[in-house]
Amino acid sequence: MNEQDVKHNKELPKGRSLWGDGLRRLRKHKLAMVSLGIIAVYLLLTGFIYIAELFDCQFELIKWDAKVGSEYEPPGAENVFGTDFLGRSVLRKTLYGAKVSITVAFWASVISLVIGVPLGAIAGYFRGVIDEIIVWLYTTLSSIPYILLILAFALVLKGKTINLEWAGLGTIELAGITTVYLAIGLTSWVGICRLIRGEVVKHKERDYILAAKSYGCSNSRIIFKHLIPNVFHLVIISFSLRFVSFIQAEVILSFLGLGEKNRPSWGAMIDAARLDLPKGYWWEMTAATAAIFFISLALNIFGDALRDALDPKLRVQ
Amino acid sequence: MKFLTILFTTVLVIVAGCKGKASKSDSNEVVLHSALAAKVRGLDPGDIGDTTSSLVASQIFECLYQYHYLKRPYELVPQLAEDMPQVSEDGLTYTIKIKKGVYFADDQCFENGKGRELKATDFVFAWKRIANIKYISKNWWIFDNKIVGLDEFREYTKSCKKAADVDYSRKVEGLAASDDYTLIIKVKKPWPQITYLLAHLPTAPVAKEAVDYYGRDIINHPVGTGPFKLQKWHRGSYIELVKNRSFREEFYPSEGEDADRADGYLTDAGKRLPMIDRILMTIVQEDPPRWFLFMQGKIDASGIPKDNFNEAIDQRGKLTAQMQKRNIHLRIFRDPSTYWLGFNMEDKTLCGNKPLRQAINCAVDKEKYIKLFTNNRGEVAYGFIPPLMKAYDSSIKDKVKTTYNPDKARQLIKEAENIYGGKLPKLTLAMPGTDAVIRQRGEFLKRCFKTVGLNVEIDYMDWPTFQNKIKTKSVQMFMLGWIADYPDAENFLQLFYSKNASPGPNNFNYSNPDFDRIYEQIAVMPDSPERTKLYRKAERIVIEDCPAVFLMHGVAYVLYHDWLYNYKPHAFGYGLSKYRRIDTAKRADYKKLLKTGE
Amino acid sequence: MTAYIIRRLLYTIPIVFGVLLITFVLFNLVGGDVTDQIAGKAASKETREEIRQEYGWDKPLFLSWDSQFFNYLKNAVTFDFGRSWEDRELIIDKIKRGAGPSLSLTIPMFIGTVVISISLALIVAFLRGTIIDALAVLLCVAGMSIPFLSFILFGQYFLAFKWGLFPVFFRPDLSPPQYVALPVLIGIAAGLGGNLRFYRTVMLDEMRNDYVRTAFAKGLSTKRVLFKHVLKNSMIPIITQVVLAIPFLFLGSLLLERFFGIPGLGYLMIEAIGARDFQVINAMTYIGAILFVIFNLITDICYCLVDPRITLE
Amino acid sequence: MDDDGILLSVKNLSTHFFTEDGIAKAVQDVSFSIKKSKTFALVGESGCGKSVTALSIMRLVPEPPGKIVAGKIIFEGRDLSVLSEKQMRSVRGNKIAMIFQEPMTSLNPVYTVGNQIVEAIKLHQKKSTSQAWADAVGMLRKVGIADPERRINEYPHQLSGGMRQRVMLAMAVSCEPALLIADEPTTALDVTIQAQILDLLDELQKQNGMSILLITHDLGIVAERADSVAVMYASRIVEVADSQSLFAEPLHPYTQGLLKSLPRLGFSGRRLQTISGNVPEPLRFPAGCKFHPRCPVGCNDKRCQTVEPKLRNVKGGRYVACWYAKEYEEK
């Protein structure tokens, strides 16, 4: 929202924009704000770990590899969540796990949106042959069981390198989580693509698009300046809800042996802890599950609130 | 809602349809319940390459020889053979008499469905079949370049277009049946280990009728001479074997080790085998449920999963009170196994840098490894010959210089850096698996290396990829192990013979002319004190060259319920279910115990 | 109607072709030469060549009448998937055998989830705006936030092992209702949250429509409005959700089958993944895709049964 | 007021919506009464609270967020606002029926027309299924649908807008209600169809003798069809009168504004006046008289800006809520 809009809002309370109105509603939703706070904490933690690693800072809390006690120490005053089989702090692993899991979910979401939104918009706007091809592509992909598709992509991508020298970035080796989020991202754009396509087909016939056409806007301008902003609230909502499913997909991939190997992620922790559970060492499992639980809960509640706030259809009249 | 109703009816139909799949046995039958930790691939002995399948198939098939059930050290006794083989003076011809009156189990592939008598030609057929390249057997290594004329037969099969074109009646000079009960084997050079291999399941006789009748489906239809036959095999789920009614007369051994009488292993001496009617083997690949099943008395014997070790065994290595209360028994025995971190001796960084290899050796805390990952069910390895073998050198510990010693490792790294000419590059250790268990091991090793300042990346890969990389020599370091096929250390020595380099079994691509010379010498020597000495000498050459970090030799702990009798662990033997006896009354008591006990 | 169905069936051809192409390309890129796996230890070069010939891996991938892809297409059309390299069993036999146990797990789970979540959704929609509704939504979201693996692990540990309420693991002497009980329960519990929330949203969306007000104005009770008017109108999104989930039932549940040893197709798939037995995975993907396409068609026919506005033209 | 000819009287009705943004007072202190067999019109711009008033009578205000916070709704001697939901159900569709603005969406798309009418009949009257179907056919014929035997088995989407509104009417009058609430029944329809539907309403009223509460923003309709009129502005009734005198002499400035913006025959060529500004939102009502920002008379008056005028009787049967109404009278 630009400044003009804000001013406009003050003068004429009736004509508030979708976004301004939505955000105002959101601010009043206490639970949503608490959720947003929780999400922010997770994101800040991730960002903090990234920065700390970049500058090689030695913070105790992110030294997950350090031995802090004896093996399998139950939770206590010393180690709040206990220790694992090498005497490492489960708390630190859980905190560090945020980096891996959130990175995976974040990039997977971004990739799926970057592919899905333009494709959906283009298909919905142009229809005809382009539409047929895109629809064929996503129908085909959605006919293949999702988990198999991710798995196949992950296996294909694993160990490959991407040559980015032309961009001056050197080569990137696809290992560990890069594979995971690429695989998830490349397979899960289907849902958002379908959603955007449907919405664009609806919007395409609306007056404002006809008007834009009538004063000679180019197709790309109509798509990117008019259509996508109008369906973007769907993208945002879907982003927040997808994030959850991607965090959980990482768990399954870890179980199938395709996750991050050398650093703790929540999926890897659960996978490792399933061996410990029968011994009664419940804390690693619980810590990782709780870490996933809280961010998923927060994202779900926030996503719902966002939908309530932004979806014009659901407003109280 | 109509739609839901339709669905619901479908379910009922399906559920009803699935019911009662396992054949109901009458209550007087004695059933052995066991669990298999991996899936069974196939029951065709000629093609079996994995232990789980062997475990099942060995109840159905028999070989010429078998290991004595009770005697230690391990000793071969005749099974289908009448006696031990007669060897000619030059050690090149083996004459083996075969028992009369042995019949294949009844099967529809035979005339009238009645099993026919076993003949010497059945062995000839089975072995030619392994040689047949169209059959693509995993077990050709057994006979490769060993028997006169068999390699030529293999050459001949290459020229055949289809498997069906292969003419099995084609003569092979070294494999002949002089009459129905006499088998004559001619070998190219002396082959002292042949008797061990004649006790190895892939050499079991196979009926040509069955092979012709079932074609490629023979993997599902084993027809053998053994004490049991296949009743039902639900792939990936369970296998049910029943007593072979036409099994020849075989009796429980009446002599054994000194302690066997006291341990009750000789109570059944002279009784006719088998002593159970049915075996139900459930495939349970995950550890926790297998353990739960054992504790609930649903399976009769089990190993101890790492994660339940403390539940079963106390600090002193004895059974815990809870186990004793449940009348569970424990047996501990040595595995003929060695585990190591191998080096690819053709790798540029590692090959010319012995101090580096030694440094890695000194960096790994083997005792801690054994404690963490096996609950001390292992012995630290100094060389590769396991303590179970006769050739094991009990003084080897003192002769090895590269035991766990971080300080020494750091020193050696300095030396290694001098040789390398600068800071050491990152090394990569390939791990055979991607699951949590392997990952924990990797994390531990990484930490060991990090402590002494070595930068090692752990690369986890699935088993096929791992094998592929090893076969193509494209790994730097790798974690692997070997379990002896037979109680002769030669089985370990061949792993270091230069001509066996990848894709052969010498994964280290180790090559030392001195070692090769000794190996070639001992390969044709019959067992003798001199040969044992040479074995030890060869082992020390390898240790000195340091092509691997030898981690540990396995020690197995098995638990069994008190209703299971004659459960004596055996390192090489398969097909042992025939010796087991079960007290069904006691088993029933356990259920009561479980109900009242907790 | 018939013309429509025929046209739709024709339309499935490019989809199925696409599925075959994608799976073939993906799994051939994965490569993973399994020749050594088949050959066993200490195999000679000749043996390996023999194996490659036997499985047709020496042929070109595309662009030939005798290419691997063309043969794969041919085999797929005739449902002849050959033998698994891993244990030389006919793949079609594997699939036939696994379908029963998988369905006896997934169908009760599916029906349970659908029936329970739709009924609960109706109740919750009826109680919309009350504390119970808010609580239900919160519980749903909480349920959705726990990883599936955690559900299985805690369920197996507590319900089966600690408290002994269910068998821990599949045993041949158990009847299917016995051994699927716990996995079904866990599956329902894990899936309930998401489903209930979905159906609740569908119902509430539907309840905003004018005809609901008309129905109330006629003097109908809330119960009747919900069950007669709202439910039938909500059937379109529900059918989409429900019918399109059916083809995947056939594939079983990877995790549940693995942890409870149910010898179904999910288990088969995990094993095939572990062994890189891509022929098996290909076959399952292909059958799954065909079912998916068929059920897509069924969905459309169901729409037309439920909603008179939709006609199959 | 004599209670005799009165079917429904609404007294001091207030309905509020409790939203996250605050309390929207959609209906405030509304009172009026409807005589038997007469048509009472409720007029006002969209969003002024007419529909909420109607829904409040039916007790169909979506709850939450809506709630009737005060007032009585006396229908045939009973206060509807205190009835239980079950008792209320026997009133809805039976004694009071309602038709809505959007005939396109107000019928359930997945059931046949007949099914929906029969449902209403069977709910309130003890009739066999076949009898109910026969009645339904009769009703359809009564509302002027040609070939009712065929139409009864059709789905709403197969009918035109006007036909659907006829079906709605058939459904509404099928139980011969004493009061029919018609909430902007013709807004969504073509002009020619509008007249047909309104004529039909008149006809049904004559036949059944029912009262009609006609809610509309179209004063033209009111002039022709209503017996008496209440004008609503920003949740309140600002003027009540019989329709003749209202049109002859509007008292409230708002009513006057409305009438001036009405095109009339014979006045062609003159530019229509409009009321400047918009109806305020229920959440942001101005203080004082809610009309004062748009009022040509009171926009600068201190009293109008601060104190809200109550509806008061100014003469005969006329009520108005304006501080200046008295002065008009005197003028």
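We call the chains A, B, C and D, going by the order they appear; numbering starts again at 1 in every chain.
In this section, a contact is a pair of C-beta atoms (placed from the backbone, for glycine too) under 8 Å apart; a residue touches a chain by one contact, two chains touch by 3 or more.
Please read these numbers as outputs of a predicted model, since none were measured by experiment.
**Student:** Just the chain pair, please, that has the highest number of C-beta contacts.
**Tutor:** Most contacting pair of chains: B-C.
**Student:** Could you find the chain whose CA centre sits the greatest distance from that of chain C?
**Tutor:** Farthest chain from chain C, going by C-alpha centroids: D.
**Student:** Hey, which chain is the most central one here, using CA centres?
**Tutor:** The chain sitting closest to the overall C-alpha centre is C.
**Student:** Measuring centre to centre with CA averages, how many angstrom lie between chain B and chain C?
**Tutor:** That gives a centre separation of 38 Å.
**Student:** Roughly how far is chain A from chain C, centre to centre by C-alpha average, rounded to an integer in Å?
**Tutor:** Here chain A and chain C have centroids separated by 24 Å.
**Student:** Report the inter-centroid distance (CA atoms only) between chain B and chain D in whole Å.
**Tutor:** Chain centres of chain B and chain D, defined by C-alpha means, are spaced 89 Å apart.
**Student:** With chain centres defined as C-alpha means, what is the inter-centre distance between chain A and chain D in Å?
**Tutor:** Each chain reduced to its C-alpha mean, chain A and chain D end up 50 Å apart.
**Student:** Do you know which chain B residues sit against two or more other chains?
**Tutor:** Within chain B, residues 288, 292, 462 contact more than one other chain.
**Student:** Residues of chain D that touch two or more other chains: which are they?
**Tutor:** Each of 65 in chain D touches at least two other chains.
**Student:** Identify all positions of chain A at which a residue touches two or more other chains, and write them in rising order.
**Tutor:** Residue numbers touching two or more other chains: 271, 274, 277-278.
**Student:** Give the list of chain B residues in touch with chain C in this complex.
**Tutor:** Residues 3-4, 7-8, 10-11, 14-15, 17-22, 39-42, 47, 49, 133-134, 136-141, 144, 158, 216, 219-220, 234-238, 240, 280, 282-286, 288-290, 292-293, 296, 298, 462-465, 467-468, 471, 500, 503-505.
**Student:** Using the touch rule from the top, collect the residues of chain C that touch chain B in their complex.
**Tutor:** 32-34, 36-44, 46-47, 50-51, 54, 83, 86-89, 94, 97-98, 100-101, 103-104, 107-108, 110-111, 114-115, 156-157, 160-161, 164, 168-173, 175-177, 258-261, 263, 267-268, 271, 274-276, 302
**Student:** In the complex, go through chain C and note every residue touching chain A.
**Tutor:** Touch residues, chain C against chain A: 14-16, 18-19, 22-23, 26-27, 29-30, 32, 137, 141-142, 144-150, 153-154, 157, 161, 205, 248, 251, 254-255, 269-270, 273, 281, 284-285, 288-289, 292-293.
**Student:** Provide the residue numbers of chain B that touch chain A in the complex, in ascending order.
**Tutor:** 287-288, 291-292, 305-308, 310-311, 372, 433-437, 439-440, 442-444, 446-447, 457-458, 460, 462
**Student:** Which of the residues in chain C come into contact with chain D in the complex?
**Tutor:** Chain C residues touching chain D: 129, 209-211, 213-221, 228-229, 232-233, 235, 306-309.
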